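Labels for the chains are A, B and C, by order of writing; each one numbers its residues from 1.
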Amino acid sequence: MLRYLARKLIIYLLTFIVAVTIDWAIPRFMPGNPIDALVSRIALMPDANAALTSYFMAAFNLDQPLWRQYLNFWSALFHGDLGRSIMLFPTPVTTLIGRALPYTLGLLLPSILLSWYVGNMVGALAARRKLLDNSVLPLGYLLTATPYMWLGILLAWVLGSTLGWFPLAFGYDQSLKAEWSWRFIGSLLYHWVLPFASLFMVALGGWAIGMRNMIIYELESDYANYLMALGAPQRLVRKYAFRNAMLPQITGLALQLGAVVGGALVTEIVFSYPGLGWLVLSGIQNQDYFVIQGVFLFIIVGVLLANLIVDIVYVVVDPRTRVGLQGDAA
Amino acid sequence: MLAVSDLKIHYRTLAGSVKALDGVSFAVGDGEIMGLAGESGCGKSTLGKALIRLEERMMFVGGQVALDGERLPIADDRAMNPYRFRKVSIVPQYAMSALNPTRRIGRMIDELLAARGLKGSTLRPELERRLAILGLTPDVLGMYPIELSGGMKQRVVMVLSTLLDPSLLIADEVTSALDVASQKKVAGALVEFRDRGYVKSMIVVTHDLAILAQIADSILIMYAGKLAEKAPTRTIVEAPAHPYTRLLLGSLPEVGIRFEEKRLPGIKGRPPSLLSPPVGCRFRDRCPLAFGKCVEEPPFIEIAAGHQVACWKADAHAQG
Amino acid sequence: MTSTTGSAPASPATKTGRNEILYFALRNTKLLIGAFVFMVFLLGAIFGPMLATHEPLTFDAPPGLPPSAGYWFGTTLFGQDVFSQFVHGLRSSFIVGALGGITAAVIGMFVGFFAGYRGGIVDEVLNMLTNVVLVIPTFAVLLVVAAYLSVRGLGTEAMFIGLTSWPWAARAIRAQTFSLTSRDFVGMARLNGESTLRIIFGEIAPNMSSYLVMTFILLFGGAILTAATLDFIGLGPTDSISLGLMMNYSVMNAALQLGMWWWFVPPGLAITAIVGSLYVMNVGLDEVFNPKLRAL
């Protein structure tokens, strides 16, 4: 068990190092020398003041040897310094991320957990009832094939623009002051519904199909056959099948995280929702590379941490990892 | 006492029905261990499964099965359920993976017993006693299947399958995945369980004729969905009457070597397709003794006491 | 995603085997429906641009027109022909899907074959690499990479998508290779002293060809989806139009508020249909290749 977790930890550590290195290397080694291009462009911009230009030079430590630049990068990272935003100079990127994060988490966590739970239930039911299966399966494939942003666009168009039931944009009513009042909270929830629903639905399809297939696979497995040959009732066999089918779905949760985060980013863009996705979009539109890189690192850390949590949960629920004879379960 | 008459089981496939069991009749007496042998794909497992639980694609076409004078409703999954485990039981071909990997073995057994309306705690002492007979400590009940070796799992499955003293036990390839030492133990255990009266009759499916020679009272040879020959073990080994049996034995350097895989070196050709099996004797294409009459199907008849054969030339052989 | 890839057992490809597969393939409704939808869009991507009467990116039409005889899919807020954008975008999607899918398949096969066949330290190292790329949120990586590329073409986009999306395929192929390596015919080839490459491409790959086809199909669909997402965030090709860019332009320019559905419905619908048809085809293929699923 400890070996299992240790192996995972090593992988995550390695992943983190690789990710940080990529983050450091891309602006420096990309063809076309993006940093030079940027520096000269900023210097030419009429509203770019000298402070911005010199900050830019200093941030990249361009006057120092590469290995020093690399070490500085790490050291800044450990001090929680992700640089300063260019578009909102001199606001630190961490501040911007901190502002956007609650919105993204508020979308992500409920939609991931709920879609996982509901999807598994629907999939398990579908594996049992032919009639339900015939509708769940095509619908599930349709949903997983849908780009996140498109479902968001459709919901916004039909429920927001055409029917006018829900607001089309923003995290809360812009005429309200951001404070902890009931009106404000209500407005937050009201604006949250559509982006949440579209994220939830796209993710739901995949879980439902995965669970259905896993249960059918489990029901054909040897232990299920043996139990049925010994006259065990369906109830018991299904109970085992469901439990065992859940296990790969837990690891699946970790594997899908990255994709769902991507989905959340674009969904936010559709709804002008003030989370990380919106931040990234403005970063891209304003060529604010510190923001983009900051969000990148932030997502990496978040996904790795989430993976670690999933692993710990997995060790608790799957005895095979605890015995230590575990093969390749992840 | 098991009596099977004219049992027909087909597999439904898109290409048509695979006639895996095409009218087989035989009996297994009380206290008898009957070995069941034949090339891969001849229908041994199908026969074994048919007696306890038809899989989804298995179609009951006809025939009757009676156990201890009572007719078994093998075609009716629900009606069959009360007989399973209590009257008929199986040690499946896949015993290595027959236990739920995520449950402790003891708990799984308790849950199974409870689901059958029995109390795990009352049966626990007997369970532990029988595990001990096979050299397993009660500790295994607190373990997960992955913590046991293959042979240990096999033995646990054997004890569990026979816990309710069934009249009939089907043991499908119980030794083939084991090392020689474990094979001996498991084979010995089968006899031991019969001797102690835990099981009345047994059908032991295997490719390993050596094991059969040691433990079986009689041997039934199948070929392409039909019975070829049934006789007491000694008769099969020393005076087989069916050309197929002779080739099966003759193709082995000596009794005791396993035949397996698709082709037997001594017998040319392959068994016929069971999708549309040929009329007449199914062994005709490969039989060195085939003659004109073999286009008709030979009946499975008794040529001596307890010795049945399906071959037009069987009598001549038995004498020669 | 792995659970959608099937479990077709590898069996030596024989002539009768091929006929049989064709027989079942032509009778599998999932495969036929999926292939039909896919072909419709593929033909649209190939021939559509020839039918288009306008250039995709020129502003030569009246702005904001709903679909009409002159502009089949209507026009954008700036007076571009949506139909023309759509068919050119389709083409981009297929190109990215194919190139990205091939890149990922090649890497996945290389890593999977060698890790599974060689085992030992090669396996350890490749496995570590696979795991690292697997847990990195690839979308985030693509984000930084694309952001720093000032000129982006379809090819670069496809290549980066391929470079980040191979791990699950490598894993699946590794597992299959692993089980094949222990089979007789591979052992024979090994004893005969054939080279690793010959054994992999002569013995192992042909025996899991059905599996490789299905893996490629999923990678293809995945690449299309990822590309659409990147494009939508504004990191798509800078020199051409794509379905994701169409959605981006429409949302950025208030098509939602203005109810200009003809601008954003076709691109999303096309992506959903193409990717969905690929998934459904994959399920059908699994049934065709896997006798266990094939029987009633």
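In the analysis below, a contact is a pair of C-beta atoms (placed from the backbone, for glycine too) under 8 Å apart; a residue touches a chain by one contact, two chains touch by 3 or more.
Just so it is clear, the model here is predicted, and its values are computed rather than measured.
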Distance-to-centre winner among chains (Cα means, whole assembly as reference): C
Farthest chain relative to chain A (centres taken as mean CA coordinates): B
Centroid spacing, where centroids are CA-atom means, of chain A and chain B in whole angstrom: 54
For chain B paired with chain C, centre-to-centre distance based on mean C-alpha positions, whole Å: 48
Rounded Å distance, chain A centre to chain C centre (Cα mean): 21
Residues of chain A that touch chain C when the two form their complex: 11-12, 14-15, 18-19, 22-23, 26-27, 30-32, 34, 37, 138, 141-142, 144-151, 153-154, 156-157, 160-162, 168, 206, 209-210, 213-214, 217, 248, 252, 254-255, 257-259, 261-263, 265-266, 269-270, 277, 280-281, 283-285, 289, 292-293, 295-296, 299-300, 303-304, 307, 328, 330
Chain B-touching residues of chain A, taken from the complex the two chains share: 221-223, 225-233, 235-236, 240, 243-244, 247, 318-320, 323, 325
Touching residues on chain B, where the partner in the complex is chain A: 49, 52-53, 55, 81-86, 89-90, 92, 94, 97-104, 111-112, 115-116, 144, 146-147, 157, 160-161
Parts of chain C lying in touch with chain A, wherever the complex brings them together: 1, 3-4, 128, 131-132, 134-141, 143-145, 147-151, 168, 175, 221, 225-226, 228-229, 232-235, 244, 247, 250-251, 256-257, 259, 261, 264-265, 267-269, 271-276, 278-280, 283
